[in-house]
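Before anything else, here is the set of structures, which you'll find just below.
Look at the two complexes coming up: subunit A is in both, with subunit B in one and subunit C in the other.
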Partner chain A sequence: MNEITAILKTIRPEVDFSQSKDFIGDGLLDSFDVVTLVSSLDKHFGISIQGVDIVPENFKDLATIEALLRKNGGKL
Partner chain B sequence: MNFKFRRKRISGILTVLPAREQSFVEDMRNFKFSEARSLKLKEVMGYDKHRIVEPGTCVSDLAVAGMEHLFKNGLLHPDEFDALILITQSPDYFMPPTSNVIQGRLNLKHDLLCLDINQGCAGFVIGMIQALSLLEQESINRVVIINADVLSRKTSPKDRNSYPLIGDGASITVVERDTEDSVIHANLKMDGTRSNVLMIPAGGLRQPSSLETALLEDVGDNNLRARDHLHMDGSAVFNFVQMEVPPLIENLLKHAGATMNGVDYFFCHQPNRFMLQKLADKMKVPYAKMPSNVVEHFGNSSGVTIPTAIAFNLQEPLLQKKLRVCLAGFGVGLTWCAMLLDLGPLNFNTIIEY
Partner chain C sequence: MKPEQIIIIGTGRLPCHCLEACQGGLIPVAACIESGSQGFSPLAALCRKLGVEYKLMLDRKTLSGFFLSIHKPTLVVSAYNYFIFPREVLAAPALNIVNFHNSLLPRHRGRNAPTWSIYEMDAITGITWHQVHPAVDTGDVILQKEIALAGNVTALELTLQTLEVAAAAFKEILPSLLEDSYACTPVQDNGNGSYHRSTDVPNDGLFDPGWNIPRAHAFLRAMDYGKFNVFPAAKLRLLGREFSIAGYQVRTANPGASGEPSVEFENRQLRLRDQEAELLITCK
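Up next, the complex of A and B:
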């Protein structure tokens, strides 16, 4: 399990993220889960994801979250 | 749009908060979310306690209590102000204006301009711009601005998107001419194409309240609310603030010939701690210079959060000295505006309970 998946599991332990290609569209993450996720990612990677980047399309799946982290200086 | 005002100052700020305090942990019982999920949100957003009026309490009740406190303590004389501006989205009535209701209940003079402005989270700066403009008139020497809202009465307790952050309250700000050659700069923008992002859909004449609009509906994200209730598209509001507010403040400072470092405090409207910390990060402002502790203690009371933050964080210092502050309000409309001014020494700067 990679770091992002582990963090996602702390937010929604009951959800199997590996079965979804659209976390938002499939209802696995709502807007407040996204906020919680950003806060956890900020702490874990020692960064501050820019507010303007906190949009649904950046939290669609693991690949978009990884791209978001890289853009904001996260070292994966 | 830029504004510039000379020789005007805020002379006092009083905030009136309901004595009734409700906790997020109590609120959680009404939500259809797991306890663990809600508690995570509490930590990130800074939700903890919020002040809620007793059933039946109206904006004019909070305002009159605050004004009577000022009169009784000799901090304001009933005959020594010439305009009373009320900024609210939760008036006592459609008509008459609630500012006139307040005038009547306090038995104030007839030579008084009473004005209601329908504005919300940007309402403190909007009220200031209006008051400072009125002070350009020779007949107006002092203006009382009242920001007040009791939006808990229009928010569904079963809507986790809105209810935990809502707070009620009122603030009274006295603005007058300054003997010093002070300058106040302001910058304002509005965008009505996004007016549906924050709204109460029913209750006006477009969709009058009915038994149907009062029914709680499942709005698809585990939240229940009626069309009579406040609806907030949280993601859209968040993105609006992150996109629009940093350049607004940057432009204000540029227009004023000031720098970020030259500002002692940034008092922004406070919807939640997360949003303000992201703003501070973007603007490279230390968290200590942008207080974000109002929501956790009192809730988000629309235009009242800025004066509450000022009184809560700088009550004593501002009675003694002058500080350079930048104020920023953003919300319903959509409206976003900022103001740069020297604040203090104030005649009063405190919080009382109703």
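Up next, the complex of A and C:
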């Protein structure tokens, strides 16, 4: 989890993600942030998240991002 | 005419910055309109938080009808908005419409300006806030800000830079927009103007192995919006086959110092070398 949080902080340093249960609904991440996040996750975990998985429900919170990583072979 | 209300139209974070800039002023934001959405809407969340009316309007007819129904003097801020205001809306006397464009007009009017700034290897690009005229991106300039183009910036990164610069520039012009005291400058097209449609793709999306490394790298960066499907994947035709370009990497550690510029293709990897750099392109 800490790795994901650290990556999120590089994208939106001004945001405290721990205070939100819905990053998308709360407006913490827009589409540019999500695409930047996906690139960072790909690079950090040596995976390739598919474009079809770039949907709001996969970026709702740390748990859904973690599930997306595992689905794509990321080792946390 | 001084506005009595503000309406913001756009998508993503730029309209949020505009809304925040307008908050606390004497002139209220009557509504924020999202004219395009991929399910990621910080604008909706911010409107909820601030108690500002939010409307998702994706249909041109609905949008036109909405704007034509406004009779109170209104400043319309078009901030990363893909709705093209029709002539009858632009002619509405109550509306003063200003728009953000992500280049230094008249360079790269139309769509995907960051792509074209990189592809055409401009030394300087930037942003423009301008009045909206019937012809796309031709309105008088309110403010322009320059951005020096780094030699490694991608289209996605440049897009993000332009949005940041645009937000700061909007704060600068807002007081004069609200006072109706701003000056405009007609766009000067000294032969450097250009227009790009949404369907235009650099070199029709085809990588040319005969390009030198700076040219080739500019093409790849111009096409690079991360995982946004702005363009189809770039193609490479070689040995009678067509490949899709899956990735690229440039190394500037003088790998080919002793030799002439060279091009090699092996194991679906294209390698361009010159005396200063090496460009590796992975195909599939």
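Convention: the second predicted complex is superposed on the first by the 75 of 76 C-alpha atoms of A that agree within 3 Å, B and C clash if a C-alpha of one lies under 4 Å from a C-alpha of the other, contacts with A are read in each partner's own complex, and residues count from 1 in each chain.
Basically, a residue touches a chain if its C-beta (ideal position, glycine included) is under 8 Å from a C-beta of that chain, and two chains touch if they have at least 3 such contacts.
What you see is a predicted model; the values in this text were computed from it and never measured.
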item	value
Subunit C versus subunit B on the shared subunit A, clash or fit after superposition	clash
Partner chain in contact with A:11 - subunit B first, subunit C second, else both or neither	first
Subunit B versus subunit C as contact partner of A:29, first or second or both or neither	second
Subunit B versus subunit C as contact partner of A:39, first or second or both or neither	both
Contacts of A:68 with subunit B and subunit C, given as first, second, both or neither	neither
Touched partner set for A:52, first subunit B, second subunit C, both or neither	first
Offending stretch of subunit B which, after superposing on A, collides with subunit C (from 5-13, 131-139 or 149-157)	149-157
Where subunit A meets both subunit C and subunit B, residue numbers	30-36, 38-39, 51, 54-56
Touch list for subunit C against partner subunit A, complex	12-13, 16, 38-46, 49, 156, 159-160, 163, 225-229
Subunit C-touching residues of subunit A, taken from the complex the two chains share	24-36, 38-39, 49, 51, 54-56, 59
Subunit A residues touching subunit B - in the complex, by the definition given at the top	11-13, 30-36, 38-39, 48, 50-52, 54-56
Residues of subunit B that touch subunit A when the two form their complex	36-37, 40-41, 43-45, 160-161, 221-222, 234-235, 238-239, 241-243, 274-275, 278-279, 281-282
